[in-house]
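Just so it is clear, A, B, C and D label the chains in written order, and each chain counts residues from 1 on its own.
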Amino acid sequence: MGLRTGDEYRKGLNDDRRVFYRGRQVDDVVGEPELAMAVDHSAICFDIAADRPDLAVADVDGEEVSAFYVAPKSADDLVRRGALIEEVSRRGGGTIVLKEVGSDAMFALLRATEGEGLENAREFYRRVCRDDLALAVAQTDVKGDRSLAPRQQADPDLYLHIVDEDTDSITVRGAKCHTSFSANADELIVLPTRAMGPDDADYAVSFAIPIDTPGLNLYVSPYAAGDRNSFEFPISSKHKLLESLTVFDDVRVPKDRVFLNRRSELAGPLALAFVDYHRFTAINYKLPLLDIMVGAASLIADANGISKAGHVKGKLTELITWSETVRGLAQLSAVRSRPGEHGVQQPDPLAVNMAKYHFAHGFHNAVAILTDLSGGLLATGPGGEDWDNPEIRAVLEKYYAAAVPAEKRLKLLNFIADLTARDYGGYQSVLATHAEGSLEAEKLQISRSFDPTRARSYVSGLAAIDAL
Amino acid sequence: MGLRTGDEYRKGLNDDRRVFYRGRQVDDVVGEPELAMAVDHSAICFDIAADRPDLAVADVDGEEVSAFYVAPKSADDLVRRGALIEEVSRRGGGTIVLKEVGSDAMFALLRATEGEGLENAREFYRRVCRDDLALAVAQTDVKGDRSLAPRQQADPDLYLHIVDEDTDSITVRGAKCHTSFSANADELIVLPTRAMGPDDADYAVSFAIPIDTPGLNLYVSPYAAGDRNSFEFPISSKHKLLESLTVFDDVRVPKDRVFLNRRSELAGPLALAFVDYHRFTAINYKLPLLDIMVGAASLIADANGISKAGHVKGKLTELITWSETVRGLAQLSAVRSRPGEHGVQQPDPLAVNMAKYHFAHGFHNAVAILTDLSGGLLATGPGGEDWDNPEIRAVLEKYYAAAVPAEKRLKLLNFIADLTARDYGGYQSVLATHAEGSLEAEKLQISRSFDPTRARSYVSGLAAIDAL
Amino acid sequence: MGLRTGDEYRKGLNDDRRVFYRGRQVDDVVGEPELAMAVDHSAICFDIAADRPDLAVADVDGEEVSAFYVAPKSADDLVRRGALIEEVSRRGGGTIVLKEVGSDAMFALLRATEGEGLENAREFYRRVCRDDLALAVAQTDVKGDRSLAPRQQADPDLYLHIVDEDTDSITVRGAKCHTSFSANADELIVLPTRAMGPDDADYAVSFAIPIDTPGLNLYVSPYAAGDRNSFEFPISSKHKLLESLTVFDDVRVPKDRVFLNRRSELAGPLALAFVDYHRFTAINYKLPLLDIMVGAASLIADANGISKAGHVKGKLTELITWSETVRGLAQLSAVRSRPGEHGVQQPDPLAVNMAKYHFAHGFHNAVAILTDLSGGLLATGPGGEDWDNPEIRAVLEKYYAAAVPAEKRLKLLNFIADLTARDYGGYQSVLATHAEGSLEAEKLQISRSFDPTRARSYVSGLAAIDAL
Amino acid sequence: MGLRTGDEYRKGLNDDRRVFYRGRQVDDVVGEPELAMAVDHSAICFDIAADRPDLAVADVDGEEVSAFYVAPKSADDLVRRGALIEEVSRRGGGTIVLKEVGSDAMFALLRATEGEGLENAREFYRRVCRDDLALAVAQTDVKGDRSLAPRQQADPDLYLHIVDEDTDSITVRGAKCHTSFSANADELIVLPTRAMGPDDADYAVSFAIPIDTPGLNLYVSPYAAGDRNSFEFPISSKHKLLESLTVFDDVRVPKDRVFLNRRSELAGPLALAFVDYHRFTAINYKLPLLDIMVGAASLIADANGISKAGHVKGKLTELITWSETVRGLAQLSAVRSRPGEHGVQQPDPLAVNMAKYHFAHGFHNAVAILTDLSGGLLATGPGGEDWDNPEIRAVLEKYYAAAVPAEKRLKLLNFIADLTARDYGGYQSVLATHAEGSLEAEKLQISRSFDPTRARSYVSGLAAIDAL
């Protein structure tokens, strides 16, 4: 079939999917302006194939395949993948676009499943490549009481689980949350969220289904909904992600689409394998966002005429160090990568998680610095309707001039406000903290990925003690 | 005349003021729903007189006066003032209400002006007390290029200045920004923004005028504009401040309303005297906001079922220490206060500015902690329209139950999102950084308020050196 | 008997005490130069009675009593106590002197014991006041495996416990560590270290004994031992504390000296009551140390000629804010104090522990700042023997001159090195982290001392939910 | 001549050098026990040639040359150099050994000098390689008043300068400080410390001379002097560096040993070129020190039985992240290296300086964590003389047992105390802050090494403004 264009992708979304948005069911996601913005955003990962085939198109056995879907076999493959992820994020205003997440899930399936599940995963993978499908991934369960295992929850459906099985299919019930792209993807890959014991075998399930599969209902969050003019909302009037509460109301899944069927011992490894790739994706798609924060800080300091102040220089250097540390560790995670199971290359988990740690732990401080350098006008400045009124604009032009004309300064301030001080900024802040793993999850992976033997035995030797 | 009710205050706003909002002139601020919300918010400081006269009403020479307007003469007066400011902020959702700022300015005028200006200030003060007026304060100039003095700016109007004077009046031109409450106050006090030299004498000006004075034009910021339902926006659907770009288009001011007329040597002291009171106000009105952050963190940790985790306890303690350090230093700033000029009590500037420093430097970290404890649903949760649809609500109730029913959890999450992750949260973040003085301004005042003699001479003695 | 002089205190130390230091038993602590320095340091708290009777001497029922030993009955009493503790610390180079700790223990005994134990405590208290005794306090057990309760330890002696009892006495065995002043006190008060259950009743023991009681052996730490000249070690050549491993080798204690005898339910309250006073002592005796750090930073910045640099100003302000926050919260802990059991005033535990938290969490950063401002000469500068050689001194005077003559600069640098970069500095750093409670202990007390009800119910109201 | 052994190196130090230590001139540095320890430490970089020729010996044009002295031509060369530096530091207890610094200087000279200076540098380089010489580097001038240029100082000698010149030689006067290894090297390379203007041409001077050159006087710092037993000082009883005040008392330098003679425009580039290599050295030789801190923390947590506590895990992860971030950026600085002038490879300055920044800014926090996990025994524990007394040792063995026997625990604690809480720890702390560039110097280089164009133009595009 070959690679699809953005428009072909858009057309493919017109089916019987059940998407709910702002309290009602949506007929056609492409026809609903707020959702269409998200579709346009995701179309970037299709359109780039025409625009930058060197980066976005790969030749696999003589066929053109989206470069997103090339399972990495080497450090160089990961370097190229990182560059592609960074480039689409750059076009997407500093955010993930779509194909990243589905390919992360496919690589995990190719590495961490076994037997029939692995065969199904490989077949699914071939089909996705061939048809250039858009995939969403549902991993995070709604979880209920976090101190209890899946089967111990008051309501057994709080983790997705198998409620029935016959020769040809399994039937699943439950809900996943924070599912990005579900409303504007072609298919949905479901992954387990954590390690599970034998008693939780019903919850150890992974599969893929078309979005319009009966029983699948998507409740899309209205976060950052509403009309937004490009003066006040230069980023969020153009870029948007859709996240859903994804409800499986006794959804029947054919067995040849099942990758994990009650093999609880594989649930944890599969969940972690996805994390390997998805955090690698994260630290690469965040790079343009880091550039945005550094660039915006540098520009607004100039616009406000404060670039020469010692404290301003210090704050800019702090931002640069933060940003470039993440970039450096992201690069390193590819350089240090190693072959994983079934020959799929694994980014270095220590470097990946440290990059993510620095990004996430430093994000709010970076926002604080940007806020500090920008000034109070972030929250007391004029709006698009003011700017559109010529008489008011004349006043604004006179009084908001600084080291640059008022228009540039106000546009920069609105850009920064959109990014740090309004709902889209809040969205980014929540993503920085929780998306692709929480702060504690990253810390846990750092601890697990680090082998203390070298350090401990060195100290034991110097301190003249045997190993403890 | 006696103390006014909230409704009397509302009626008083119906005059010829020129208020611009979202691109057009507003006929009646009370009649415009979005502005009326701000009026209602400010009315709290009138309505409290009936509700809590012990706290809000004072007897001055046999007359009932708003307790806000009692010039403090003792540490106890400041303790009482702090309690009143905290209480109206508590009613106002954790934000300043209105009368605080005008009284701060009046105390500054009573302390830092001299001669005829002081007489005018005292007469104005008597009138404000008698008529229970609502005052806004315009201090921050638009400033233009920050490395240049007022008279050096390309456009001489970038700092407010005197352009004409006759026997009875002065005429001023320029603009102030970040002017809170201007659109819903009765009068406007104008203060200089910084110390000035003799060459900038035209810029050393302070006065008070009714809001509907000809030539005064208010361009109100549309920040956090728009309809908002109480499910998604539990705070910001009820509370709002208005900030304006305040333009003085050759405004004529009668001389008996002028408090500072070209006496540049008084500009700095007057600006700083206002800061003394206004930061004292700040650290007291922020106390309910601090309680909000601590209380919300404590509740959401319970709701998510994670209160027992070691890292969660540690984060809660971090929040408590931050919040209670500010509260402790706020209390101390009154306890350590001392008589200022003309017998007006001055809060201890070291304690005031350290309280502000801790608040402002810790705010973004507190937001990060709240975000961390709340989880990703802050940004991917359902909206009011979803909740209002009974079929969708049933799904939400099933799947968002945790250690508490879904309704409580979602309400808490929306409360926290309103506070930290949407436009109102951004507004609070900008205020934390810039309102009542920037981070650098507080650091400067800490440095100025601290006498290093004790520490330096102690060290000189111990190190056996004479003073450097 | 009346108050004793420093010399009378010194004479009282000549008894049969068994003190071990640097591998051998010491005959006479006053005759051993390194130990005598510690005796001189502690003598400050006796000599101040003659020098500053206004501060250090109280009239109790017509008798002169050391003001250290006045059990506080009011906030003012605590303010005065704070001032006394600060003053002796100032004379002691920024460190605790001696009488603070014994009086802390006595106040705890007067508040938290009951029945016969309380009677014994009161009688003991009267004798201490009358004879102006020097008291050490042994609280911290050696503890062994920290995850086990006292009775569960492999060796039952790892917590001090009662091994025998007859009509007139109990016999105890075990060891306490970190016991300050034991080698140069008259008597030793023993307190339990933590809450205990009924099964650990043998470990719930408190009493007081003379230091020369048979079976009591003190193993004094050699930390910071050795000759030290005053050029390189301006503080630590004059001031020193002694800490011991305090071993109770079947020590018999007469019953009238026992304050707690197996009443396990009182062990925790008694331990915490001591903590109340001892951390109050801590935050007051640290104030001169804070002044030292601020003063030294200010002076060395001048001496190096870098005071005008923006980053230097910022670092000085950071130090000031740290230091004065501790000072402010220390003051507040007295202002907010309240009556405890049996009428003994209790400092506000929230303010006390927050002051300690800020001190301890900020200490290493303060050291980093001082190190940064001082320069590498801290570790590569000349020594006392160099300075004493006239030919070498001439070279040093020529080449180490900066914005001040070389002598002043080098003395300041050595002062700072003694404080931050040599063994005495390390001692201060360990004390900052562990003395009077670890970082985690302070966090626990902050959490326990804070009542979240106000904050939680305020948020519940605003978020329109009932209490969770 | 071939590579020398450690003993050959020792013999070479017996000459007429004028070394002053602790107030008197030293006849023979190898015969003076405290200095001999430093010689032994530096001998590591000779002895490794026999032990690990794969790492430490290179074949250059058929001759064996110390691998330290191989001028890097590729990223791989720098990776190898990093590994060698790390290995000798590992043998040296976590500290630089000797040959690193001289080779850093030679690479700088080969890159940043020109004309006759470059020819002399190349000739000098050949001789150093051939004779396997030990080189010290004197760069930092004593500087005097830091706000003044070299020629503006009250005493013109505060920066090293040329006072005379004839056909064959120049004569220099002044002093350098913080000169490591000078007392135990064969020769001394002198480099300028900063950029200079034409008016400071006399100060733009670089050359190399034998240590026993007439007029060269070394005043070695007594830091961490004195006998130290291996029980209390397991690291610092074995490893030591010597730093000197290095005085040039009209030293005559033959012209063929002069690399920079008044060409002020080359002073800055030469100083910075040295910094490129020397900070690369720094971040590699610090790696074992980082391992020490991580390993010691991990071991002491086990020994104290607290490894399972949540806050302990969190602190260990914080240490790991700090340590491995430095390691990662160190690796990256080689991976990203590029050819410099004259074909000498240049490590990536952004990665180098960020690694140094993370190391230096995190060091004091790491010390705080180690102190926290170790407990107060760091400062109140027993000494070597106690341990050597069998009766006392029996007491210590009984009472200091924890989750491991007392001996292991005490050895670990002393190891950590030596590293963090005694004079050697202070030395490391000062080095962390100042050696190879101060905190501000690293920040400046980060700022200079970062090209903001990408970030700024990206933001300009998104915000729809032209470049400012």
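Descriptive notes on the structure:
The rule is short, and it goes like this: a residue touches a chain if its C-beta (ideal position, glycine included) is under 8 Å from a C-beta of that chain, and two chains touch if they have at least 3 such contacts.
Because the structure is predicted, anything quoted here is derived from the model rather than measured.
With centres computed as the average of Cα coordinates, no chain lies farther from subunit C than A. When the C-beta pairs in contact are tallied for B-C and for A-C, the bigger tally goes to B-C. Subunit C and subunit D have centres, each the mean of its CA atoms, that are 38 Å apart. Between subunit B and subunit C, the centres computed from C-alpha atoms are 43 Å apart.
Chain centres here are Cα averages; for subunit A and subunit C they lie 52 Å apart. Listed for subunit C are residues 311, 314, each touching two or more other chains.
Of all the residues in subunit A, the ones that touch subunit D in their complex are 90, 93, 230, 234-235, 288, 291-292, 294-296, 298-299, 302-303, 313-314, 316-317, 320-321, 323-325, 328-329, 331-332, 335-336, 350-351, 354, 357-358, 404, 407-408, 411-412, 414-415, 443, 446-447, 450, 452, 454-460, 462-466, 468.
Looking at the complex, you find that subunit B touches subunit D at residues 309-311, 314. Against subunit C, the residues of subunit D that register as touching in their complex are 20, 22-24, 140, 142-147, 154-155, 157-158, 175, 177-178, 217, 219, 221-223, 225-226, 232, 243-245, 247, 304-306, 308, 311, 363-365, 367-368, 371-372, 375-383, 385-386, 388-389, 392, 395-396, 398-403, 417, 420-423, 425-427, 429-431, 433-435, 438-440.
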